[in-house]
Structure formats: C-alpha cells, structure tokens
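Should a chain be cited, it is by its letter among A, B, C, D, E and F, assigned in written order, with residues numbered from 1 in that chain.
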Amino acid sequence: MSGAFLSNLTSPPLLFFFLGVFATFARSDLDVPNPVARAISLYLLFAIGFKGGVALSASPLSSDVLIALGAALLLAALVPVYVFFLVTRFFSSANAAALAATYGSISAVTFVTATNYLDAVGISWGGHFVAAMALMEAPAIVVGLFLYRRAGGDTEVSADREATAERTTIQQLLREAFLNGSVVLILGSLLIGWINGEAGMEQLAPLVKYPFVGMLCLFLLDMGLVAARRIRDIYDPRAGERSVSAKTMVALALAFALLNGSVALLIALLAGLPEGDALLLTILGASASYIAVPAAMRLALPSANPGIYLTMALAVTFPFNIVIGIPLFHYLIRALSA
Amino acid sequence: MSGAFLSNLTSPPLLFFFLGVFATFARSDLDVPNPVARAISLYLLFAIGFKGGVALSASPLSSDVLIALGAALLLAALVPVYVFFLVTRFFSSANAAALAATYGSISAVTFVTATNYLDAVGISWGGHFVAAMALMEAPAIVVGLFLYRRAGGDTEVSADREATAERTTIQQLLREAFLNGSVVLILGSLLIGWINGEAGMEQLAPLVKYPFVGMLCLFLLDMGLVAARRIRDIYDPRAGERSVSAKTMVALALAFALLNGSVALLIALLAGLPEGDALLLTILGASASYIAVPAAMRLALPSANPGIYLTMALAVTFPFNIVIGIPLFHYLIRALSA
Amino acid sequence: MSGAFLSNLTSPPLLFFFLGVFATFARSDLDVPNPVARAISLYLLFAIGFKGGVALSASPLSSDVLIALGAALLLAALVPVYVFFLVTRFFSSANAAALAATYGSISAVTFVTATNYLDAVGISWGGHFVAAMALMEAPAIVVGLFLYRRAGGDTEVSADREATAERTTIQQLLREAFLNGSVVLILGSLLIGWINGEAGMEQLAPLVKYPFVGMLCLFLLDMGLVAARRIRDIYDPRAGERSVSAKTMVALALAFALLNGSVALLIALLAGLPEGDALLLTILGASASYIAVPAAMRLALPSANPGIYLTMALAVTFPFNIVIGIPLFHYLIRALSA
Amino acid sequence: MRPCKRIEIVVERSAAERLEETLRAAGAPDYTLLQNAGGSGDRGYRRADDVTDTDENCVFIVALEDETLLDKIVEGVRPLLKRFGGMCLVSDAHWLIH
Amino acid sequence: MRPCKRIEIVVERSAAERLEETLRAAGAPDYTLLQNAGGSGDRGYRRADDVTDTDENCVFIVALEDETLLDKIVEGVRPLLKRFGGMCLVSDAHWLIH
Amino acid sequence: MRPCKRIEIVVERSAAERLEETLRAAGAPDYTLLQNAGGSGDRGYRRADDVTDTDENCVFIVALEDETLLDKIVEGVRPLLKRFGGMCLVSDAHWLIH
C-alpha cells in the first residue's frame, strides 16, 4: 500500500499538480492561458480515446466488454439516485439534482490519471473502459433532472418553457448530454483508433502515446492552479452569502468520493472484473464531473449554484481521487480480491 | 482505385475530418479554440516547409526543379483567367475576381494532406513542390485584381484611392500577397531546412516529422468543424438575401475542383512529372485558398462577398479534394501515364 | 571562433529568429497568437527545469553547486548597482532603477539558447545552473528599488503607500519577485526532475527533451517578430516624445551586454568554473529580463518607461546575445582559460 | 449621425446562442459580440480563465435605430436574464450613418 | 470629471491598422482596442472562431475631450465604414481626470 | 428600467486585481471584465500580442444603480489611474431590472 501510495505521490504528474496548488496559495502569478488549457484537455481526450480504440482492436469484442459497459451504466444510473436523496436535506432540490448529476457523471482527467498509474505500476487495463468512461458522462444528467422534476421542480421548468420556448425539453437535454464535445471526441477517437488498430498507432504514437505523460503533467499543473483557486474562493469573504458552510462542502465531497468509489468497487467485484479494470470502474464511480455536467446544469438548472457543485467536484473530490483515491482503492481491490 | 480510395477514406486524418463534420451537424459543442487552430496551422506550414527544404538539400538543384516551378506558375496564372470569365455571368465582377483569385491560389492543408497520402501509399515526391506551393499562393490575387480593373471596376478602385490615400496600389498588393504570413513561413522554413539538411532534420524530426500525422488529424478535426458550420450557414435563413443560390455555389465549387485539377493534370503530364509530383501539382490546381486570398480580398475587394468565395473554397472544394479528389486524381494519373 | 560563430548563426533556432525579424521588417502579417507564445515559453521553462533537475540528480550535490549559486547571486547583486550609477546621468532615477533591475536579472530564453548551443557543440554543463538562473531572476528587482528609494524616490513611494494602502512594501515586492510565475515553474520543475531522476526523464523525454530544439525554433521565430516590432517602434514618429534618443538606447543596450558579460566572465574564471558552466554564467550576466522584471516594474515603478527598459532588453540585448554574445563569450572563455 | 439606442447585454456563454435568436426574433439581428469576458455579480465570481469553460460571460452590443423595437427586445431579454443572470444596459447614442 | 464624447467604432480586423492611422491623423491618437470580436450586420455573420482569420471584428473605444475633433474623426471614419462595413457610435460621457 | 450610471474603466492588467478590490471596498463589487485589450495613450502604445505580457489592458464595466457610491468609486479609482495610467468614463444609462 504505502509503497504504491508514495510512488504515486512522487510521480511527475502528481508533483506538477502540487506545484500548481503551491503556486496559487503562494499567490504566484503562474498561469496557463485558457485556450492552452483547453487544447491540452482536447489532446488528452483525443489520445486516451485513440489508445483505447487501438487496444480494443487488438482483443476481439468479448462478453467482458458488454459486462464492463453494463456495470458502468448501472453505476451511472445508481449513484445520482442515492446522492440526490442523501443531500436534499442540506440543499435546495435544484442544488441536490446538480450534485446528483455531478457525482453520477465522471472526470476524464481522473480516469486518465488512473490509467497512467496502472501503466506505471505495470498492470494491464481494457481499452473498452475508455468507452465505458465516455458512456458514463451523460446519463447522470438525465437522472438528476428527472429526480428534480419529480421533487416538484416542475414550476421552474414550465417557467423555462415559456421563457425559452420549449428549448430545454428532456429530449433536447439528452442530445446535449450525449453530444457533449468531450463525449464526441472520446468516442470518435476511440472509433478511429479501433478502425485503424496497430497500424494507426504506429502513425500517431509520436503524438498520442510518447508525450502523453508529459502533457498530463502540464494539465495537472493547471488543474492544481484552478482547484486551489476555488478552494481559496470558498474561504473568501466574497463568498460570504453562500448557503452552505465550507466545512459541509468539503466533508460531503470527500464522503461521496469514498462512498461512490466503494459502491463501484463492489459492482466491479461482483462483475468479476480483473484488477486493472476494477480500479478504473472504481475511480470512475468516485470521480465527479467538472466540465460536462456543469455546462449542462447551467442550461437546465441555472438556479443551482456552481459555487457548490462545481467547487466540490473540482476543488475537493478531484484532488482527493488523484492523490489518495487511486492508490487507496487499488489497495482495497487487492485486499478484497485476495 | 477503390482500394486507394478506401484506405484514404479510413486514414486517421480523414476520419478526424469526418468526426468534425459529424460533431457540427449533430450540434455538438465540440470546438477547437481559435489560437490553437492557428498554432496547429503554423506548425503544419513550419513542418512541411522544413521537410521540403531537407528533401531539396538531398537532391542537387536540377532542371526538374525549374520545370516544376514553371508549371506551377503557369497554372497559377492560367486558372484565374478562365475562372473569371466562366463566372462573370453568375456574379458581380468583384465576386468574379475574388473567385478567380481564390481558385487560382492554393490550400496548403490540401497539399499537406496529399503529401501525407503519398507517404502512406509509399510514393516519393519532390521537396521542391513545397516551394511550388508557396509560389502559387499569391499570383492569382494579382491576376484577379487585374481582370477586375479591366472589367471596369476602376471607379470603385479610384474611390478606394481617395478613401484610403492610395493604400491599395497594385505594387502594395503584390507585396502584401507575396509577404503573406504563410508564404513567408513556408519559404523561410524551406530555406532553413535546405541550409541545415539531414543534420537539421535529426534535431527537428521529433517535432516536424514524427508527430506530423497526429497534428494533421487535429487540424482536420477543426477543419471539419469549420467547413460544416459554413455549409450549414449556406442553408440558413440568416443567409436569405444571398445573391446566388446554395445549389449554384456547391455546383460551381465542385466543377472548379474537377476542371482546375484536370488542367493541372494535363500540364503535369506534358511537363512529364513523375507520379508523386504530378499528383501534387494536380491537387494544387484543384485546391482553392481560404486563408491567404480571403485576407487579401477583404483589403482589395471589400465589395466582394466572402459568404460566396470563402464558403465555396472552404466548405465545398476543400472537403471534396481531401476526400475524393486526391485518390481520384491519383487514379487518373496512373491510368493516363500507363 | 569564426567556425563556432558561423555554425551558431546557421543553427535552426537562430535562422528562425532571423526569419521572424525579416517577416516584421518586410511588413509580413506573420504572427504567433499570444496564448501560443505564452504556452511555448511555459514549455521551455518546464523542460529546462526538468532537464536541469534530472542532471542534478545524477551528480551528488557537491561544493561546485554552492560555488556556482554563490557566483550567480553575487553577480545578480553586483550588476544592478553599477548599472544604476552608470545610467543616472542619462535617465530619471525611476528609469535608472528599472534598467538596473532589468540588466541585473536574466533572460531564460537566452539561457536556454546557450544550453542548446553547448549541446550542439558537445560541451557539458551543470544542471544546477538552471537553479542559478532561476535564483538570478528576482534579486535585481529588490536592489533596483532599494537604490531608487535611496536616490530620493521615496516621496513617490509614500504616495504609492496612500494610493494603494501599503500594497507595495519591500516584503511584498520580494514575495512577488521570488514567486514570479516563471521562477516557480523553473524551480518546481527542477525539483520534480531532481526527485524523479533518470526514471522520470524516461517518461518525459518525448516531451521535454526530443522536441526541445524544435520548440525553441518556434519561440525564437516569435521573439524575432516581437523584437523587430519594438526596434521599429523606436524609430516611429509615434515615439517622438521619447526622452532618450534611439541611438543612446541601442548603444547602452549593447554596452551593458558586453560589460555585464565580461564581469560575469571574470567571476566565472575566479570561481574556476568549467568551460560550459562559465559560458552559462557569462550569458546570464550579459542577458537582461524582458518578462519578470518589466512585470514587477509596472507594479513598483509605474513612472519608469517600459518603452526604454523593456525595449533595450528585448530588442537589442536579447538579439545581440543569442546571435553574437554566445559564440563571442565562448571564444573569450577558451582564450582566457587556455 | 442619427440618434439611436445603444444596448449592452452581458450573459453567460451558454445563453449567448439563445440571446442571438431573441434579438433576431425581435427584429434586431445586428450586434457585436465580445466573448471570453469575466465578471462578478449576484451569482458570484466568474473567472473566464478556467479549464472548466462554464465560467465565462459574453457581451453583446446592439445599436438600435428603430427605438420602437426596444420594448420587444427588452421583453425578450428579461426572461433570459431572470434565468441565467446577467445585465442589460440601454443608453442614448448617435449612429454614424455611412 | 469633464464632459467628453465616447466614440465606439467596430471594424473588421483588416481595417484596424487603417482606422488607427485615421484616428492619429484626426488628432485623436488615444484609444482602447478590443480584438477578436464577432458580430452580425449587413455583411452577414462573423464568427471570430475560424481558422481563417478574416472573420473577425475589432472594437475601438475613444474618449474625446476636444469635441471640435469629432467632425474630423467622423469624416475620416466614414469612408472606412463605407468600404469595410462596421459601425460607429458616439455618446456623451464624463471623463475622470487624473 | 431604472436609471443608473455606466462606469467604464481601462487599466493595465497588472492593476486589475487592485481595481477589483477598490470597487469592492467602494461597495460596488459587481462588474464585467474584458481582458486582453490593447490601446494607446500617454504611456504610448500597448500591443497586447507580445510574449512579454506587460503590454495588456483590461476594461471594467460597472453598472451602478446607487449613484451616491459614484464619488467613492471615483476617489478610489483616481489614484490607480494616476499611478498606472488608464481611463475612466462615466455615462448615464438605463438598467433593465430582471
């Protein structure tokens, strides 16, 4: 445990994440320009998608793939339901629904960091998990909104209706969710990698494979800057009127990472996934979305407060998962499957 | 034919282009930030220029080089003339001149895609064609404006004169055309590659050579997004007042790709160019400019409508060439030179 | 001499710098988008830092390291003092202090170009000089401001005090200086490289090592554009009211490069540094800051004119150093240590 | 130069497309759009320098000659601001007719 | 605070340098420039997120204390707008003198 | 729509954070921020397309309903402009209340 834990802590990507956190708290003016940050995240989705597709092309589509995808979808549908009911006591139903969607969905960078961890410790993982990740981005959004409407959020929604001439119907939302930019890029790259296989990888490896870890370092540097800024914002007078205390937010964000991770771990073991795949499913469960879901919530639930759901996912759950979650869950998987 | 055609269709760059097109029509919010798109296109010009220069340094400057450059210039001077007269019946003389310049000039990315196609099918091509491409960017602009003035566009131009204190004289325009950013970058990189030769390539290969295909994929992904957006715009109510119908525009854009390509192919055969070089000259003829020329037209012929010439070049001719044109012309070259 | 001089002149990075200069003077519209330029400079700091750290991890921390760092700090404290007194006759004390800080500090890109020069000619250099470079960025700022206040700049400063509620105290400034973004990134990457050593380099080499020269080319292309623009601005009517003549500025900028370089060279010889390290210390002395220091001066000495100190550092001293300074000082070192 | 109204609307990025349609529907299709704006308001702080792109505002500038359209625009914009937050300012200006 | 005119000019990127000269020639060399703007007008839609950089507007903001210069500026700007399209708005404002 | 003041402040990037604090201190924490602006003024030319990022302006737009705060803001902003240069314009506008 502590071995893997330490070697994860001192891996270049993690250390660059810490560097970003340090820079923010030290009030350094270190900054990654916004278009560059977006370019690197496009790169990571493009690369992981293509790698996954090539891996998939190597092994024939077996029932394992279907089992994995099934487990992923089950997880994505299950998590938002209990998250919603667990938090309604703390939050307005709009915020509760937003949190349900956030934690039911996933963080691609957390997933990428986990695959990088597995590659580092030399444990194989199934390329189809890239597809599983992509599939898990959207469903929680729909579940969250469904719960929200059941909980009597309808008035607000019908208000929407008038205000925006039916623009946010469920169908519309589904489309927006499944055609979200990152989903399209991941699945598209996966498909292209799958079509081109090893021959394609030979052509693209110098871009999608070799510099991958380095790019991840640069991205995590930026994530460190961004996450720390939001942490600082929580304790900022400006944020005084926030409806929930910083303590509650941090506590919940950690609790959900652990709870959802454990649920996912259970499903992984029941589905009999191999070690690497089990860790990936677990970390997908433990992770929360800070890109796709917030973007959708802004449209569908503008009354929900990003200062809550976005901050919890980005500033607490994300750092916890890449720093502690990955080696911790890996340790548990080994212990339980032994 | 259909073999090469299919393997081109399923090559990673083309598939990423389709992914971009799909994302736009599916109304996904997938987007490549503008500065990043510009950075990748700078990279492609820088890389192709340097590669061409190194290739050139390997083979002594022979008469072949002069023949190739001559053929290229002939083509660049010939195409705009007949294009202008072919379209004056459909368009105002300003728009006709802009189209002449657009189709007389070239698309660097189409050229790059063609070189990538040749590398993939293992056919050699002459580095001096990079110079030929660069030389072909500007002349058509001058020819187009000359035809425009002959056609009585003078009044407008003299109006310019007053309005802008002689700022757009022919000389000035020539300078602007030949010192256009991409021309300077391509020729500069070519020269530097030529000076440094193989030794230089050893230093720069990890940037200009190995990741090249991958970068082309990312750029074509963006081109797919952009081209599809413009196609959509044509059929957009907003574009209602457009002077020409979408059908006419699409038909002309396809016709010019085929006609100009055929003319170029003829010249290539008469000049006795080897297979690879013949394809490059042909595709240079078939391609149209959507960066250098529109930029110059905005200055010299602001009364011309970019919604026509830019859209035709970018949204119809470009996709046709990279998807169908390259393998089609390759097939014809083989058939005719057999 | 002339051999090394020529091969430096014709190395890809230098030639791309000239290409940028040419493009600007030819009034080409060649341009590197701002966020991209910033991304490349982040990359260079990240890469040189990591490389330095790995190099450091190979050789045990010996007294050589301490001597080098000591020499660097001495230099950074010494240069601004005499620069200040040398220029007070030409400039207001605010401008004099800004120049002192500018020339006491360093240019990371000049340093990087020097390391690239050494790698090209196959002379080894100590990774700890990356740390030395980072350490030299800030001190001159403090010295410059100290001299400024001694020279009676206090009134202005106390005025500041009121205006900005004590925000620019010396302590505050020290913090701002030492936590400047580039310093943090360099030292952070150095530390991370040092922790991960060769194993880390194996993971990151495809990003931080192999494409390095190519990235340097792209960055110097942009530096050529930017430096030439500023040179042009000096001779621009718009700049008519400038307090000092262009001739004076150019002369001083060249004089300081030579003088400070010579002082550094002397220190290097007295400290008995090996050939490569001596050149690096010399070029650090000769170089001037055009990023960290101007940013700090804007805050601390807004009455100083960036049109003077920034232009001298960026448009005159920088080009001189990378084109002539590096091989020249290398020649001197060889001559003197022989 | 003719008198006109200068309308300045700040909305978050995700509402921009919707606002554009609202303007067109109201018969004022012309505008200038500044993207990548940050800001601070009732909904807190918007940084516009995040990896998460949800923190960004847009500024629409509309010059309106036919002032009778103003009410229609305002009525179209109000629900958007209600829903997404933002700001709408209207001031008098003179339009250089070319 | 002194009364002044606030001039806001939207032109496409390729005309920006020219406009700058026009302003200087008219004796109003000071301005603030916002680049990378999109918009929609008689000449249709401008996206400002293309690879082709010809689809971009710039917004110039000029604060003018000496109102006698206004006509000169307007006369310099009009031909530019005629030629390249765009927009010029003039409104009253107060300038904080520092 | 309620009458309000529209305040437009141009300062260089390095002073932006400070201005933000000034506004908050003056009781007007809300604003819209446009970054990456260039310009030209007493301190000469600002290109905002340099590797050296010191050449950049920011534009703050503040809508102020409670006009009694105006003086406080002005007094807070003046020393900043004195020190860093820039510009502050105030004009009348109407605020669409949502």
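The criterion applied here is as follows: a residue touches a chain if its C-beta (ideal position, glycine included) is under 8 Å from a C-beta of that chain, and two chains touch if they have at least 3 such contacts.
Computed from a predicted model, the values in this text were never measured in an experiment.
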{"item": "Target subunit D, source subunit C, minimum contact steps", "value": "2"}
{"item": "Those chains which touch subunit F and also touch subunit C", "value": "none"}
{"item": "Any chain in contact with subunit A as well as subunit B", "value": "C"}
{"item": "Reference subunit A; chain at largest CA-centroid distance", "value": "E"}
{"item": "Chain whose average C-alpha position is farthest from subunit D's own", "value": "C"}
{"item": "Inter-centroid spacing, subunit D versus subunit B (mean Cα positions, whole Å)", "value": "38"}
{"item": "Distance from the mean Cα position of subunit E to that of subunit B, given in whole angstrom", "value": "33"}
{"item": "Inter-chain centre distance, subunit D versus subunit E - centres from mean C-alpha coordinates, in Å", "value": "19"}
{"item": "Residues of subunit D engaged with two or more neighbouring chains", "value": "29, 34, 36, 40, 48, 82, 91-92"}
{"item": "Numbers and ranges of subunit B residues touching at least 2 other chains", "value": "31, 33-36, 38-39, 206, 211, 238, 295"}
{"item": "Chain contact topology (line, ring, star, complete or other)", "value": "other"}
{"item": "Contact pairs between chains, per stated definition", "value": "A-B, A-C, A-D, B-C, B-E, C-F, D-E, D-F, E-F"}
{"item": "Touch list for subunit C against partner subunit B, complex", "value": "10-12, 15-16, 19, 22-23, 26-36, 39, 206, 210-211, 213-215, 217-218, 221"}
{"item": "Touching residues (chain side subunit B, partner subunit C) in the complex", "value": "34-36, 38-39, 42-43, 46, 175-176, 179-185, 188-189, 191-192, 195-196, 200, 203-204, 206-208, 211, 295"}
{"item": "Subunit A contact footprint on subunit D (complex, rising order)", "value": "12, 14, 18, 36, 40, 43-45, 47-55, 79-80, 82-85"}
{"item": "List of subunit A residues in touch with subunit D within their complex", "value": "31, 33-34, 37-38, 41, 160, 162-164, 167, 219, 222-223, 226, 229, 233, 238-239, 290-291, 294-295, 298-299, 302, 305-307, 310, 314"}
{"item": "Residue ranges of subunit F in contact with subunit D within the complex", "value": "1, 4, 6, 20, 29-36, 61, 63, 91-96, 98"}
